[in-house]
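After the structure tokens below, expect a handful of questions from me.
Chain lettering (A, B, C and D) follows the sequence in which the chains are written, and residue indices restart at 1 in each chain.
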Amino acid sequence: MAITKQNLRALNGDEAVAYAVKQSDVDVVAAYPITPQTIIVERFSEYVHNGEVNTEFVCTESEHSALSMSLAASATGARVFTASASAGLALMHEILYVTSGCRAPVVMAIANRALSAPINIHCDHSDSMVERDAGWIQIYVENSQEAYDSTLQAFRIAEHSDLLLPTMVMLDAFFLSHTLESVNILADETVRKFVGTRKIPLIRGHGGKLVPFKLDPENPITMGPLDLHDYYFEHKRQQEEAMQRASGIIKEIHDEYARISGRKYGNGLIEPYRLEDAEIATVCLGSTAGTTKTVVDQLRSKGIKAGLLRLRTYRPYPVEDIINALENVKAIAVMDRSHSFGAQGGPVFHEIRHVLYDASIHPPVVNYIYGLGGRDMPQSLIHEIYKDLQKILETKRVEKPVQFIGVRE
Amino acid sequence: MHLSRGTKEWSDLKLASLQEIRWHGRGGQGAWTASELLAKAAILEGKYIQSFPEFGPERMGAPMRAFTRISDDPINLHCGIYTPGVVGVLDPTLLKTVSVAEGLAEDGVLVVNTRESPVELRKRINLDGRKLWTVPATDIATKILGRPITNTAMLGAVARASGMIDLKSLEKAVGERFPKKLAEKNIEVIREAYKEARSE
Amino acid sequence: MTTEKKGWKEIPIAGVCWRPTTDYLTGDWRTFKPVRDKEKCNRCLMCHVFCPDGAITWNSETEDIGFNYDYCKGCGICKNECPQEAIEMVLE
Amino acid sequence: MASKWKFTIKDFAKKPETFMSGHRACAGCGPAIAYRQVLKAARGPIIATNATGCMEVVSTIYPYTAWGIPWIHTAFENVAANASGIETALKALKKKGQLKYDHVDVIAFAGDGGTYDIGIQALSGAAERGHDFLYVLYDNEAYMNTGIQRSGGTPHGAWTTTSPAGRVIPGKVEYKKPIADIMVAHDIPYVATASIAYWLDLVRKARRGLEAEGPAFLHALAPCPRGWRYDTSKTVEIARSAVETCVFPLWEAVDGEYALSAPSKVIALKPERKKPVKEYLKVQGRFRHLFTPEFEHVIDEIQQIIDKRWKRLLKRCGMT
């Protein structure tokens, strides 16, 4: 499949997501408005009110009901999309687990925004990081183009018959959601072929008969039963198996999409940037990875062997890919845009360190908590991090494993 | 250590072609729209673009800022703009309370909506060096649009002062953004402001 | 009016606010300001009751109203509601 | 429970503002007027709590606060639960002799989104449990803080950013939820509707709500220039027109008994005074798309629902 014709548009992250949903022939969108996801639901309601999509669009009275409706609609066989952020995602918490437990392939965009209190409408990853154990696939994008591409891929990933796992696509509040960028849009026909329509796999229903995995009076099935201690554990093990299969499938779908769009994001799970011979490197997610690439270029132009590992897929966690990518790095700084109160550093730091525990080399790994509540992460602060890494290399000593960078003392 | 525009590091990198613009206005005055229209015009010239507001709970009338980036290369930066090359000020009353020239690069351009000439204005605001342009955007907008919406007038003046975008692209972007009648009026505003803008 | 921002060691815990909004002057938001004609005005206080910003004050000694231009946003409700048509909105 | 409380315009003006100047609501903000009027009715001392929304945001941008009284915001869907918590704590402290006040006015403020939609569960629970507090709904008929999205309080036919005036679907399809009637059905001591244009009626009702033993619900219409698309100077005029056209009739229900308030009573007694809804709609940009040949019929639909609900109200007030 040669790279297809596309047209270049100026879209912000929210608009890019809404456009992808518009092209994906979604059956039901049930959502509740919350800054900064609002432009997604606003653009989509314009498509609906102007008759440009045949999607049932429902403005629910809360996020708890937005996800409950989405789950139930998906269980009924519809292709479903919703979107939220911050407190809205937190209000969905209970139903996140039920959605993955019911293996309902709901696709949800999250505009990453800080959690209250105090209340804040700006970017950090505290809302989605805290949901990393909920059984959803989690993809963090770096720019508005990737938000468009990842939303299209998310339908294929979530609905893959070997997975049937709900999928979250994360885009940073304001740095992406409200930032206009150059976005190449695939032709409708190309998207229709790539995304296709939702195929319902067969499962063993009543009396062991093979029936479509959806609520259908013709082949009745019961979903969400009472599981006692004799079976619940097995269902959770089953869910973990699906999550393990997801890594390969995400890469396959990512590569297929790359062939028709010409756009790759590493191997779909991680994106190493100038890491091959890097001595010092940072690990980062989201839009700040873009700023870090610019800093790495500047350092490289001065002969400093700097690199970056961007994590694109955070669940399932790409263990081997991370170990291989960081193999030769002498000192690593993990950048967390969220924090785990009372722990040593943030969640990304925890998981990078524990993954490297089994690796052959054990470089010093330090952690920087940055940008909470939308505090900007300019090039100058990223330069500070790489300067610290150089000092660690020279002195072979780590003064402070975890630092808050950019906060006023 | 901000990597400020005009330094050697900045120039020998792909950043050389990166232009950064900051817009000052008040909530509801259309500063964000000005930022977006400039970006949409630049994309028509095959450039890579970014446009974003500085978002807060600004209500109508409260001071706010918006930003545009234009480059020949893909823009990876996702952070604030600290050393803009161009600053556009939609509302002269902001000069009293907001330091509009903060961080403006040495070879930068400040474009202000005011009836004063650049020389008169320079006396009033402490601006050392840099280039200063003024345009009576409110009068132009009120005359042609019938309302003091100064964003498209400021676009014309910034195009003239910075030379970073040509009028045809701005006109096309405006044409796509507004309904026909309103688009024509705004194009007229851009042309008028382009003509009326004065440097020192 | 925005002073130097404090660090985390100086601010109260739990995000408790420590400055009244009266420190924040919203007056420069307006383009038109209300001007009252003392003769026409009969101090009926309709303007005071309907001002969203509490920018029209009552002085018990002088038994008269005052416009606090530090906060008036120039919305024009006072002019619109004044039964005596004693208020004009004047361009700043 | 007629209130013996006397309150003149001078009393209003002399009473200090507990919702202070310098807040960052838009020019011409209806809800800001509602806040000032309600708080003048308080007997004091007061503890207030707010749902997430415009008025919470504009009054507490850190480090500034417009609140001269104790105030707390926790989330969007739970202001009635906040009020319940405050009221219960006061009750406990009082029983143990640790409260230096004889009585504290507990007031919960929320917008339409925080009341019709996401907060209705907490409100219903608080009403059923009978906590002694006043719930004030400032109704600007859409999620204004997040940028004018439709809510359960948005009227039929109105444009919002999530019920746009489309070529196929012109504005909001559904009808405004009769939230005040729902609260009457909770059998709570006091429910009332009010408009900021009739300030004395509003202030008296707020006072009666505070004096009521148990939950009280005040539904205050508070137009929003930004979201309803009209000139900032017209806020009070539109709040008046809503009553004159019976779009928003003023009444109160004491222990479930409905009674029309004076501004609406004069219309009930002299029906010719009732103005057509078109007068109310034509001054608001959010209804502009209905003044076109293909969507004119929606104006009739709006008039029909207004008339139907007005007749029902008259019956409830025993006036037909």
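Points to keep in mind about this one:
Quick note on the criterion: a residue touches a chain if its C-beta (ideal position, glycine included) is under 8 Å from a C-beta of that chain, and two chains touch if they have at least 3 such contacts.
In this text the structure is predicted, and so the values were computed from the model without any measurement.
Across the two interfaces under comparison, B-D and A-D, the one joined by more C-beta contacts turns out to be A-D.
The distance from the centre of chain A to the centre of chain D, with each centre set as the mean of the Cα atoms, comes to 40 Å. As a whole-number value, the distance joining the C-alpha centres of chain A and chain C reads 47 Å.
Once the centre of each chain is set as its mean CA position, chain A and chain B turn out to be 34 Å apart.
Touching of two or more other chains is recorded for residues 15, 26, 29-30, 73 of chain C.
Along chain A, residues 117-118 each make contact with two or more other chains. Shared interface positions of chain B, i.e. residues touching 2 or more other chains, are given as 57, 60-62.
Taken pairwise by the contact criterion, the protein chains are fully connected, each one touching every other.
Taken together, the chain C residues at the contact with chain B in this complex read 1, 26, 28-31, 73, 92.
Of all residues in chain A, those touching chain B in their complex are 8-10, 12, 36, 121-122, 142-143, 172, 174-176, 178-182, 287-288, 290-291, 293-294, 297-298, 301-302, 376-380, 383. The part of chain C that touches chain D in the complex is made up of residues 11, 15, 17-26, 29-30, 44-45, 48-55, 58, 60, 68, 70-71, 73-77, 79-81, 89. For chain A in complex with chain C, the touching residues are 117-118, 407-409. Those residues of chain C that touch chain A in the complex are listed here as 5-9, 14-15.
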